[in-house]
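I've put the structures underneath this note.
Each of the next two complexes has chain A plus one more chain, namely chain B in the first and chain C in the second.
Moving on, here comes the complex of A and B:
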C-alpha cells in the first residue's frame, strides 16, 4: 500500500470537510496546482463542488490512487490486463447514479481536472443517448424541442438513414 | 480537458454554473427526494411540496456537451442534432469536428450492394448493430471499382478507367477528379487510396495491366499516382512483366502500394498468386517490380488485400491440395517484414455457414474489423482482429430474389469531419 500517510483537507461548497491522501489528491490536476501554490497545510476550498458530488469524487480518486499504487508496487504483475478491466467495471458501476449527480460529476471532473473521470462520465452520458430517438433523448434530459415541425422534418430528410427505426 | 478555462473559481464560467446548481441543491435537499432533481417552477408533486426541475441540458456548458456528443456513433450524432437548436449548433460546429477527429476511429461500416444496376444497398453499422438503407452518392451504377481510406471512398469507372470520384458517403460531399492520362485501354485496373489522417490530403493509385499484343505472356504494367495537394496525376512507372499480370486487388499501407499479381502463361509457378510491394515515395526506375515480389503463404483461390492500422492484411481462399481451384477454407495473414504470419483460420462452422462458397468472395476491412461476404448471398461475417472473434452480422434486411443475383460490398470508416 502507499507509504505516504500525508493527507490534505478539502472543503466543499456546503462547508463539509473531506480528507484525502496526497496520492488521491494527485488525481486532480487542479488540487495539485493549488497545493503547489499554497502549500499543504491549509484546507483547500473547492466551493464549486457540493458535498454529495465531492463524496463521489473522493471515492473515485481513492480507488484510482490505490490502483496506481498497487501497479507500482508489484511492477504491474498483480494488476495485469485483468486488473485494468476490473477497474473499468468498477468505474461503470460507480457512474450508475441518477442524472443530476452524474452531470455534477462531469462538472466537478472538468473543474478539478481529473481527465479519466471526465472521459468516463462523458462516455456514460453518451451511452444514455446512443441509439435513442430524438424524442427519447428530449425526455431523458427534459429538453424542450424548439424546432418547428417543418424544421424537424427537413433535418430528418437530409439524413434519412440515421432516423430509420430498427 | 478544456484548455481555455484554467481554473480558479471566480474566473471560470463553468464554476459559476456549478455553484448555481449546488445552491439549488442545498435548498431542495430539504424537500425533494433526490438532490438535483427538479420540477418546473410551480409544479407540485403528490405531497403538494414544490420542487424544481430544470432542463438538465442547461447545466452543461457547450464544451462539455461537445465532449459527450463526440462519443456517439454517427447515426446518433445526426439524431442528437435534431433534439434542439442548441444541440444542432454544437454538432455542426467546427470545434465539434475537431473533437471528432481526435476520437478513436469509428469501427468501419460495410456497404452491401443489393442491385447490380443502381448504387443502392444497405450499410451495416457494427456499433449499433443495424443496417441502414442507403444510396451511394456520385455514381449511377454499381459497376465501379471502389477503394476507401479514413472516411473517404474513391470510385473509378470500370469501363474506361477515366472517371474518378472521391466522396464522403455519410455527408454525401463529393468531388470529381481530373481524368488520369489514358494511353490505351487496359485489360485490368486496380484502385487504391490512402488518406492522411492529420492533413486530410490523399493519394490515389491506379495499376493498369494490358496484355502485350503479340506476346500473351507479357503484360504492360503502369502505375499512376494522384496527389490531392498537387491535384495532378503522375505516371510513376511503366514496366513489362513476364508471366504475371496485375488484377483488381490493391491497397496502400504505410506509403507502400501493394497489389496482387496473377501468373499467366508459360510454366506455372508453385502458386498462381504473388504480391508486389511498390514504395510510392521512393519511386525508382525500370526493373523495380520484379525485385519486390513477395510470394503468397500457400496456394490461394483468391486474395483480398486490406489495410488494418497500417499493416497489410490478406484474406485468402485456401485451395485444396489436388484441386487448387477449389476452396476448402479461408485464412487471414498479416505481412511482417515481407513475410506472412497467419492470424486466423475461419472455423469450419462459419465456412459452412456460407453454404456453397465460391472460390472467390468479397472481403474488406479496416481498423480492427474484417468483413467477409459470399457473392451469392447477403450473409455477412465479421472478424475482430483484436479479440480474435468471429461473428455473423445482424441479418441483412434483403433477401435473394433470384438465383443469379449477386451481392458485393466494401467497407469504410464513417466520419463526419472529412471531405474530399
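Moving on, here comes the complex of A and C:
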C-alpha cells in the first residue's frame, strides 16, 4: 500500500497533538487550505475541536484515505463492487456514538469541511429523529419550548392529520 | 448534577455565521460561556475560543464511556452542543414532509424554518436527488361514483412485489368523473376540473388552490389540452390551456391558448399554437418548457412544439433521425431530459435529448420490446443512463423495465383496482397558496 511518508500534526482545543498522513489530511478542505497557506512544517491548530472529537475525526479521515488509496491501486480491483457498501457499513457503525459526541462530530465536520462526514453524520441524526416526539427531540437538541400551551395547541390543530398514523 | 433547561436564558440556538435564512434565531452563545458550571463529561467545542485550554479545566473524554440513553432523564450525560441554524437545516432537509409538519411544534425557530419557502426549496432539492426515490410517490386516479385518488411510494414498487396504496384526501367535495391529472411539478399536482377550472394541490401538505374560471366558447368537437410547469425565472407555477376547436366545420382546427399563473385572479391569453394541433396528451414539463406532440397537416407529420414558460413563446423542437416505419410518437420526461418514444409496432425506441434544444444531443437509450405505447413515468428529476431501470405505464399496468436484461417486472399494488391514470410526484413542502 502506497503511503505518504509525510505526516502533519494537528492540535486540538485541549492541547493534545494528533498525527495524520497527508492523504488523510486531504479529506478536510480546511486543513488542506491551511497547509497550502502556511506550509506543512508547523503544527496545525484546530482549536474548535476537542480531543475526543478529534480522535474520531482522525479515525474517519484515515479510514477514508485508506479506502481511496486502495481504489486507486489496481484500478479499483482491490475494493471490488462491495467495497462502497462495506465503507458505508463502517460509517454507520462509526457513527453509533452518544448524541453529544455525534453533534460534536457534525460541528467538527462542518468546521473542517469534510463533506462526506458532514453528510453521513447529519443523515445519522435525521434517522435518529424519525419516530421521536417533539418533546424527545427538544431533549436531544437541547431546545427550550418557547410556545405557550395555547400556541402549541393551535399549531397542532392546523396539521392534526400529520400527527396521526396513515 | 442534573442539567436542566430552565436556568440558561432561553437556549434555543446559537446564531451561526453566514446564515442566510430569514428566521429569527436567538443570538446567544453557548450557555457554558455564561459562567454556567460545566458538568462532568463536558466536551463542548466553542466556536469562539481561539487558544487551547489546558487539559486540567476540561475533563478527559470520559463522556464517551457514558452509555447514553436519549429517552431517559440523562442524569449523568451532559446536554448535546447547540447546533447552528445551517446545520439544523441540513439535518431537517433530510426528513419526510409529514414529520416536518409535526416538528413545527418543537419551538418557534424550528416553526419559522420549516415554514420558510426557502427551506421548502432546499428540502425539495434534497428529495429530488435521492438515489433510491425515497421521497417519490405514484398517484393513481380510480374512477367510479366516488372517484378516489390513491398513492404509494415508488421505492416500494421496486423493492417489494406487493404494495399498499393509501387513499388520499382529495380536496374537492364533488368529483366529476371526467376530471383528470394534467401533470406534476415539484410536489404539486395539477388536475383539470371540468368544465373550466384547474386545481393545483400538494397532497403531502394538504394544501390546494383552485384556479379562476377559464372563459371559452364551447363548441362541438372542441377540446382542451393542458400543461403544468414552473416558470423558474420568477419561481411561479403556470397552467397552460390550449383550447382546440373546429373553426369552419371543415376539419380545420384552430387554437386559443391561455395561461394561468398561480396566484393571479384570471387567465391570460397568449399566442396561439404555431404549428398544427396538439395531440391528446398533456404537456411534458422539462427545462422550464412545456412540450406537446402536434399533428401538422401542412407537414403531414408529427412535430414537437415547445413553449418556453418564461418567454411564453414557442419553438419547434428538432427530432432525432429515427428512421422509417414509425407508427406514432409520444413524449416523456426521463431524468431531467425530454424523452421521445417512437413506436414501430413490435418495439418502441426511447431517445433522450441530453441538451435541451440541441438536435445532436438526441441519444438513443434503448428499445422496449413491446407493441404497446407505454407512458414513461420514472425516473423523473434525476440522471438516467442506458442501464437505468424505468417505470412504464402500459394502459393499466405498471412495469419496471430493465434495459440490460430486457425484462419487465410488474409490481402488484393493492387497494387501487381499476386505476386509469398514474403520475409520479415528489413529496415536498411547496405550497400552492401564496
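The criterion applied here is as follows: the second predicted complex is superposed on the first by the 159 of 166 C-alpha atoms of A that agree within 3 Å, B and C clash if a C-alpha of one lies under 4 Å from a C-alpha of the other, contacts with A are read in each partner's own complex, and residues count from 1 in each chain.
Note that in this section a contact is a pair of C-beta atoms (placed from the backbone, for glycine too) under 8 Å apart; a residue touches a chain by one contact, two chains touch by 3 or more.
Just so you know, these numbers come straight off a predicted model, no measurement behind them.
Q: Specify the outcome, clash or fit, for chain B and chain C once both structures are aligned onto chain A.
A: clash
Q: For A:38, select first, second, both or neither according to whether it touches chain B, chain C, the two together, or no partner.
A: After superposing on A, A:38 lies clear of both chain B and chain C.
Q: Report for A:113: first if it touches chain B alone, second if chain C alone, otherwise both or neither.
A: A:113 sits against chain B, while chain C stays out of touch.
Q: Answer with first, second, both or neither: which of chain B and chain C does A:30 touch in the superposed model?
A: A:30: touches chain B, not chain C.
Q: Determine, under the contact definition given at the top, whether A:11 touches first (chain B), second (chain C), both, or neither.
A: Touch status of A:11: second partner only.
Q: Go through the superposed model and pick first if A:161 touches only chain B, second if only chain C, both, or neither.
A: both
Q: Does chain B (first) or chain C (second) touch A:139, or do both, or does neither?
A: In the superposition, A:139 touches chain C alone.
Q: Is A:50 touching the first partner chain B, the second partner chain C, both, or neither of them?
A: both
Q: So which positions on chain A get touched by both chain B and chain C?
A: Shared contact residues on chain A: 13-14, 47-50, 52-53, 98-101, 103-104, 106-108, 110-111, 118, 122-123, 125-126, 129-130, 134, 137-138, 141-147, 152, 155-156, 159, 161-163, 166.
Q: Under the stated contact criterion, what part of chain C meets chain A in this complex?
A: By the definition above, chain C touches chain A via 5-6, 10-13, 41, 43-47, 49-55, 58, 61, 63-64, 66-68, 70-71, 74, 77-83, 86-88, 90-92, 94-96, 98-99, 101-108, 110-111, 166, 169, 206.
Q: Using the touch definition from the top, list the residues of chain A that touch chain B in their complex.
A: Touching chain B: residues 13-14, 29-30, 33, 47-50, 52-53, 98-101, 103-104, 106-108, 110-111, 113, 115, 118, 122-123, 125-127, 129-134, 137-138, 141-147, 152, 155-156, 159, 161-164, 166 of chain A.
Q: Any idea which chain A residues touch chain C in the complex?
A: Result: residues 11-16, 45, 47-53, 55, 97-104, 106-108, 110-111, 118, 122-123, 125-126, 128-130, 134, 136-147, 152, 155-156, 159, 161-163, 166 of chain A touch chain C.
Q: For the complex, which residues does chain B have touching chain A?
A: It is residues 1-2, 7, 9, 12, 14-15, 17-19, 21-23, 25-26, 34-38, 53-57, 59-60, 64, 67-69, 71-76, 78-85, 87-88, 123, 128, 130, 132-134 of chain B that touch chain A.
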